[in-house]
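Presented sequentially are two complexes of chain A, the first with chain B as partner and the second with chain C.
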Partner chain A sequence: MNRPRLGKLARTKGAIVGVAALATALSACGSPATTSAAEGARQLVIARAMDVSTLDPQRGYCDTCQIIFSAVYETLVTVDPDDPSSIVPRLATSWTVNDDATSFTFELDPDAVFSDGSPVEASDVQFTYERMVNLQGSASFLLAGLESIETPDAHTVTVNFADPNSAFLAIGAAPYLGIVNEEVAVANGATAGEDAATADASEEWFLQNSAGSGPYTLAGYESGQSVELTANENYWGDEPTFPSVVINEVTDSSSQLQQLQQGDVDIAMQIAPDALAQLEGVTGVTTEVVDSYNFVYLMLAPGAAGGEALEDERVREAIKLAIDYDGVIDTTVGGYGKTQGSPIPNGFEGSEDQELPSQDLEQAKELLAEAGYADGFTISSAYPKFAVYGVDFDVMMQAIQQDLAEVGIELELTPMEYTQWAEMLGSGGSPITAVYFAPDHMDSSQYVQYFGMVPTGAWSATASVDGAVVNQAEVDGLAQALTETGEDRIATYTALGQEMADDLIILPIVNPQLVLAYASDVTGVEYSPCCNLDLAGLGIQE
Partner chain B sequence: MTAIAETALFRAVGARTRRIRHSGWLNPQILVAGAVLAAWLFVVVAAPWIAPFDPLAETGARLSAPSAQHLLGTDSLGRDVFSRTLYGARESLPIAVAAIGASLIIGCLLGAIAGFFGGVVDATIMRVADITMAFPAILLAMAVAAALGPGLTNALLAIVAVWWPIYARLTRGQVMSIKEREHVEASKAIGSSRWRTLFRHILPHSVTPIMVNATMDLGQIVLLVASLSFLGLGALPPSPEWGAMITEGAKNFYQPWIAAAPGIAMVSVTLAMNFLGDGLRDVFDVRARR
Partner chain C sequence: MGPATREEIMFRFILKRVASMPLLLLGVVTLAFVISRLLPADPIASIVGQRNLGNEEIVAAAEAKWGLDQPLPTQYLTYIGNLLTGDLGTSFQTKMPVSSDIAERLPATLELTLMALIIGAIGGILLGVISASRKNRAPDHVSRVFALIGSSLPIFWTGLVLLFVFYAQLGILPGPGRLSSRVIPPADVTGFYTIDALLQGDMPLFWDAFGHLLLPAFIMGWGLMGTISRLVRASMLDELGSDYVRTIRAKGVSESQLMRGHVLRNSLTPVVTILGFAFGAMLMGAVLVETIFSWNGIGSYAVEATRSLDYPAINAVCLLGGAVFLIANLVTDIAYPAIDPRVRLS
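Now for the complex of A and B:
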C-alpha cells in the first residue's frame, strides 16, 4: 500500500513511544488472571511519556496506543506470552488457513460480548478491517493486499488476500486490529466505506470513549496529562485485578524514578539504565533488565540536501566502520544493549546469521581515501532530541560525532523537537538522522516493508541523489517470504536481512535492553512485543 | 598651630578622604566584582592552557564523581566537566558581550533619533519599542530563536531583537532632557547641523547612565543566552556552553556536579556584573550619591 509520507512519519512516531515497551505475560484469555478486585482494590498508576494523538484503534499508531488498545479492544488472535512466535486464540476460538495462505477463516467465540453487552459478530470484524483499510491511517499497511471479507454466519469470518500472506496470523495480533463494536461506532460517526478517510467523523468520540470487548473501557483522556481506564462491567473473560488504571504523563526518566521511589506510581515505564543504581536496595521497588526487540538506528540519506557525499557506497561503509558500537552502547545504555546486524532485530526470523557491525578505523580511512575523501568532509545531521528505549539521542549522536571525527568526518549536529524534525524529514530530510523502531507484530515482513528499498519502504525515497531506490531482490524476496513458512521463510528473511545490511542506508546502532521498574507488590510486569503492557494481566501480590 | 586651625585642617583632610571614598571606585563591591570578572576574562583568553583536558573528548569514565583527576567529575560522555566549564566561558561570555554591544548600538541610535527629532519619528520608533517590550524577553527571544533555528549566532540575533528597546527608551529620555540644556542651545546658535549637535553635544552626555545599565544587563544576558541554550535554541552539541551543560546535567540529577559547575560559574558572572553595575551607578549617578 502506498502510504502518504506523513503516515510513514507517524509510523516512526509510533515506534518512539515504545521507550519501555512493558508487557505482562498474561493475556486476557491465556492464563487465569488473579481473582480479587474486591472492594477497596486500589487504582493502578503508571508513569509514562506518552505519544497519543488519537485513541481510535484504526487510526492510532504508537506504543501507548498499544497498551490502551490491547486493554480496551480485543484482536481475533494474540501472541502466546510464553512463546511469542506462536499464536493463540482471543476472540476467535479456532481458524483455518488455505494452502497458499491467501484465505483465513476464523470461528468467533460465541460468548464474546462488547462492553455494551451486545455480542461480537462477524460483521464487526468486517467493519473493523474494512475501516482500517479505508481510513488509510498510519497502521493501514498492516492489511495491505486485503481483497475481501466474507461473513457466512454471525460467528464465522473469512479474510481473503490477493497474494499469499503467511504473516497474516502474526499481523492479526497487532493491537491496531482490535475489533470495534460496529453499531456503537457508526452511531458516533464512524464509517468503513471507501470514503472513510474523509467521511469518518468519529475520531473525536474515540478520544474520550471506547467501543471494544476488552477487560477495560476508556474513561477519559487529557492530552499531556493522563489516560484513565475503568474495568469493563460486562467483560466476558476474567475480571481484571485493578478496577481502574491511570497512565500519567511523566516525560523524563528522572521524574519517573522519583515518583516510583516516593510511591506515587506503581509502574515507571521509561527508566534509563543509568538510573538503575539509584533503585538498588530501595524497599518496595522491583527492577529487572530484560531483552527487547527495539532498536535505534542511523538513517543515511544521500538524497537529502547536503548528503551527496553519501552517494558513494564506500563512504557509507566507512561511516558504518568508524562507529565504536560497544562504546556507544556503553555510553547510551550503560552497556545494557547489543549490536544488531541488519534492520531485522535480534530474535526475529532472519536475524541469527547476520554479521554484527564493529569498528575498524583503518579500513574506514582506506575506504574514504578511495572515495576521494582522504581529508574527510563535513556533513550535517538533524535528529529528534529525546530519549527512547533508554537511549538519549543527544548523548548517542555526540558519541558518534566523536567516532566519526577519528576518520575525518565532521558531523554537525542539530537537535530538533519531534514535530520540527518530522516536518524536516517530510521536506527533504537530513543526510544523517537517528530513528528508532519497535515491532508491530512478530513477523519479520514488517522490517522489509519498512526498511527495505521497496515501494512501501519509509527511507527508500532519499536513498539516492537520483530519487527513490528499488532493490528488486528485496521486492521479490518479500513476496517470496510471504508464501513460505518454517525454515524456508527463515532462509529468505536471512537473505533479505543481508540485502538490507548491504544497502548501507539503515545502520542499526543499539538493540537496548529494557528496564522494568515497579512497586514490588504488583505482579505480571513483563516485556512482550505484541501488546506492550497487558493491563488486565497485572495483579497484586497477596 | 591652634587647635581650631588644626581641627579645620583635619576636617579638610577628612573631607578630601571622604570624597575619594565617596567617589566609589574603592568600593569593595566593585573590587570584588572586578576581580571575579578579571578572572573570567583570563579564563576566556587562556582556557586552552589552563583546562586540564580537551572539553570535547572522552577523557574518563562516564558520570564519575569529582576526583583529583577530574576536579568537577565527568559528564554522560566521559568529558571533563571542569574543562568544559572553563571552555564554556569562551562561548557564553563573548556572545553576551556581543549581544549587549549590538543592542546598545541599535538601541542608542534609534533612541537618540526618536528623542532628538520627536514627532512621527519618535512615535514610530517608540511604539515599536513598546510593543517589543510588552513581551517577556525570554518568550520573544524563544520565538525569534525558534523561527531562526538553533545556534549561538541565531540566539545572539534573538537577544538583540528583544533587548534594543531598553536602550532606545533610556537614550530617548536622556536626549530629551539634555537637548534643553544651554550648551545645546549654544551649539544650535553657532549653526551646528542637527546631526552634529546630536552626536557631539547630546549623546556624549547621555552615555554614562546607559553604560551603567548595560553593565548590569550583561549578567541578565548571560542568563538569557544560557536559557535559550537550555531550551535547545542556543548552542548546539557538543558545545560546552553553560546553558547546554545545565540541560545535560538536568537529565542526570543524581550526578549533580554536571549542572552545578556551569551553574555556579554563571552565578559568579551574573553576581559580579550586578555588583559592578551597582558600584558604577554609585560612582556616576548623582542622585544615588546624594
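Now for the complex of A and C:
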C-alpha cells in the first residue's frame, strides 16, 4: 500500500504547531484581560452559592440578602459586632422606649443621606415599615403587631405596637428593615399603601437598582451568576476599603475551594468542613472555624398520620436519648458542630443553662418498655433533601436511622424535594421530619414564637393526636419576656427554653460551625450575627 | 406543469414542517402545564420560604400575586392567551420576565454546546479516521479506549477531576465561570462572549472567554467524540470494503485522496444524524457541566425551575426544548440530501 510518509510528517508538524499555538493562547487565558489598576483598590470577589430571589429589602428573605441589604441599606439600629446582645446606633443616634415596651422613638442622624444625596428622614422610615407590612412579603412577619407610626418632625419617628414588644430594637437591626429612599422607590413603582401586595410594581426595578443610604449601591445583578456592588459616592459614614464587591454564584463547594486556592476569589463562603484539610498550609489562604447560631432539628409530630406512637412523652424522650449526637456531628460536619439544649440556640439569651442532649441507649430502651414498645415499632419520616450549613440531610437522617434501630425503632426514610415536602406538610405531615433554622435577628422571642406551643407556633398544630397544643406557660412566658429587658428577660427565656425542651417536639441535632476561608490579606472577615458578612467592615492588610 | 424541481420539493418540505411546529409546541406546553400541576408539590413553598409556610396571610397574598388562587382552567387559558402575545410570564424565582431570563442564559449554553459539538465532531471524525486506517493496531486501540472513557465516565466526575488537575493543580486552564475574576464581560451583542469580544476587538478578552470554554466543552464533547469515532470507523471500514473503493484504488488514486474524497464523505451521513440529536440533548442536558463550571446557562435554569416548581419557567423551558428538538430534526433532514445525493426528499 502506498503510505504517505511525507504527508504524515507534515501532519505531525502541523499538530505540534497547533499545540504550541493553543499553549500560547492558554497562557494568555491565565492572565485576566481587564483588572482594576491599583493594588489595595482591587475589586473584592466572593464565591457563594446564592439563594437570592429578589433584591427588594422589604420583599427579600435569604442569607445572601442579609449580606447585600446590610451593605446597601441601613437600619435604624444595629447590633454590636463584639456583643451581639447589645444594640448600637446606625441611622438613629438615640432612642427611647416607653415603660411597657409598646412605643419606640428614634432620633435620626441629621447627617444621614441616601445615595442620591437626599437626607434620610422620618417619612422614609414610615414608608419603609408600612410598605414592609403591606407587601406581605416573606419577612413581613417581623413587623407583626405594628399599630402606627408617627413622624412629629423630619428627624423623629415613633413606632407603636399593639402589645409589648421589647424585641423590636433587635428586630429593627434586621437587614430586611433597611430604610428605603421613599421618593426614589415611589418614582419606580413602589407603594406603601394597603394594596401594596398587588399594587407595588417595583420588584423588577430593585433587581438592578438600589435606593439606600449604605456604604455600597447595587451596580448590577444577573440571577444565577453574580451580584455587583460599588461604593456609594455619597456615603455619609466611613468610606469602605473595597471600591467594588462582586459575589459570584459558585454552587459547588469544591469549586469554591479551588478558586480560593488559585487566588481567583478573595472569600469562599461555603467551604465544607471536611475540605478544611485541603486548605491547610496553602500560602495566602486563611481559614477559621467559628460558631454560628444556625441549627438543624428533628420535628416530632404525634398528630401526623402514623405518628400516634409519639403521643406518649416517654417515646419522644426515648428518641431523644437514642440519638448519638457526637456521631451525627462527626458524620455530617466532620465534628465541626455543637449540640444544643433547646430550640434557643447557643449564644442567645436563655441558652446558657440548658442541659445538652446525649445518648443513653439503656434509658431509652427502658422508657420504650414502660410505654409498651419493648419490641420497638416502625415509624416513617419524610424530610426535605436539604444540604444546609454543611449538613446533608440524607446523611444525617441515615445516621439517625441507625441510632434509632439500636433501640428497636425502625425509621422509614422518604427524602423529598422541598416543594413536595411542603405540600406533604400541608396535607397531613410526617411523624418525624428534619428542618433547619437561622435567626432573623438577635432576640430570643423568635424561637418561642416559632418553636413554642403557642398560637403562632409553626409546629404546635401537629404536636398531639388531639390537635393543636397550647402550652400556657410558654404563651405567658413569651408575653412576659416581651415586656422585659436585661437579667429578667434572660431568666424568662431560660425558663422558656426549658419548657420547649420539655415539650419534646423539637429535637435540635446539630448546631454547625461555619468555615471562614479567605485570602490572607483581607481583614475583617467575621460571621456577623445580624448581617452574615459585613462587607463594609472588610479591609486589606497593609 | 412539469414535475417539481428539487428546490421546490425542499421548500414545500420545510414549509410543511414549520407549519406543524406551533401545534406540536402547543401540545408540549399543555403537557408541561398539566404535568407540573399534577405533581404533589406546592410552588408557594419556594415563593414564601419555609419560615412562612404556616402564615396564612403571607401565603394567600403570594397566591393572589402569582395567580395561583385561580382555578386551573383559568390559569391555563390566561397562560396560553399570554403566550400568544409572546408573553412567557414572570419567573416565581428570579422575578424577571421568563423571556429575558432565557435571553440571558440561552447564549451561554449555546456557546458551550456549539463548542462541545465542534470538539466532539472534529475529534470524533479524526479518531474514527485514524482507527479505520490503522484498524486493529495501536492507534485504533488507543482511540477505542479514549472513546470508551469519554462515553462511560459520568460527566460530573470527569468534570471535577479535570478541573482539579488542569486548574487547581497545574494551573494551565482557567477555572469555573465564563470569564476570569475581575474581568468585565464584553458588551452584549450576540451573548456569545467569544464573538462579542472579537466584535469589540478585545483579543485578551476573547482568549479569556475561549479558555474558559475549553474544559467544559471538552467534557461535554468527549462522550460524543466516542460515539462519532466508533460510527465513523465502522462506516469507513464498510465503505473500504465496497466495490467502488476497489475501482478507485485500481485507478491509482492515492490512499489519502481516496479517504478524504470518497470514503470519509460517504461515511459522514450517520454523523449528521447524531449531531442533530446530540445538539438538542446537550443543550437541555448541560446542567451537570453548568453546575460544576458555574456556567449560568439554560440547563441550570431548568433544574432550578423544576426544583422550585417555577411554573412559568418550567413551561418556557419545555417550549424551548421542544423547539430545539424540532428545529434540530428539521436541519438534520435538510442536511441529508446535501451530503448524500442518494437521499431525496419527497
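The criterion applied here is as follows: the second predicted complex is superposed on the first by the 497 of 542 C-alpha atoms of A that agree within 3 Å, B and C clash if a C-alpha of one lies under 4 Å from a C-alpha of the other, contacts with A are read in each partner's own complex, and residues count from 1 in each chain.
By definition in this document, a residue touches a chain if its C-beta (ideal position, glycine included) is under 8 Å from a C-beta of that chain, and two chains touch if they have at least 3 such contacts.
Keep in mind it's a predicted model, so treat the numbers as computed, not measured.
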Exercise. For A:A197, decide between first (touching chain B), second (touching chain C), both and neither.
Key: second
Self-check item: Partner chain(s) touched by A:A275 [first = chain B, second = chain C, both, neither]
Solution: first
Quiz item: Which holds for A:S254: it touches chain B only (first), chain C only (second), both, or neither?
Solution: both
Quiz item: Who contacts more of chain A, chain B or chain C?
Solution: C
Quiz item: Counting only touches as set out at the top, which of chain B and chain C does A:T331 meet: first, second, both, neither?
Solution: first
Exercise. Would you check which partner chain A:A495 touches, where first means chain B only, second means chain C only, and both and neither mean what they say?
Key: neither
Quiz item: Counting only touches as set out at the top, which of chain B and chain C does A:A154 meet: first, second, both, neither?
Solution: neither
Practice problem: In the overlay, answer first, second, both or neither for which of chain B and chain C A:V395 touches. | Solution: first
Self-check item: Shared contact residues on chain A - chain B and chain C
Solution: 252, 254, 417
Practice problem: Provide the residue numbers of chain C that touch chain A in the complex, in ascending order. | Solution: 39-46, 48-55, 57-58, 61-62, 64-65, 92-96, 101, 104-105, 160, 163-164, 167-168, 171-177, 179-184, 202, 204-205, 207-208, 210-212, 214, 254-256, 291-294, 296, 300-301, 304, 307-309
Quiz item: Mind pulling up the chain B residues that touch chain A in the complex?
Solution: 56-58, 62-63, 76-78, 149-150, 232, 236-238, 248, 250-254
Practice problem: State the interface residues of chain A toward chain B in the complex, per the touch definition above. | Solution: 252-254, 274-275, 277-278, 330-331, 385, 387, 392, 394-395, 397-399, 401-402, 412-417
Practice problem: Would you mind writing out the residues of chain A in touch with chain C in their complex? | Solution: 1-4, 7, 25-36, 42-43, 45, 53-54, 61-62, 136-138, 140-141, 197-198, 203-204, 207, 222-225, 246, 248-252, 254-255, 258-259, 261-262, 264-265, 417-426, 435, 440, 450, 458, 461
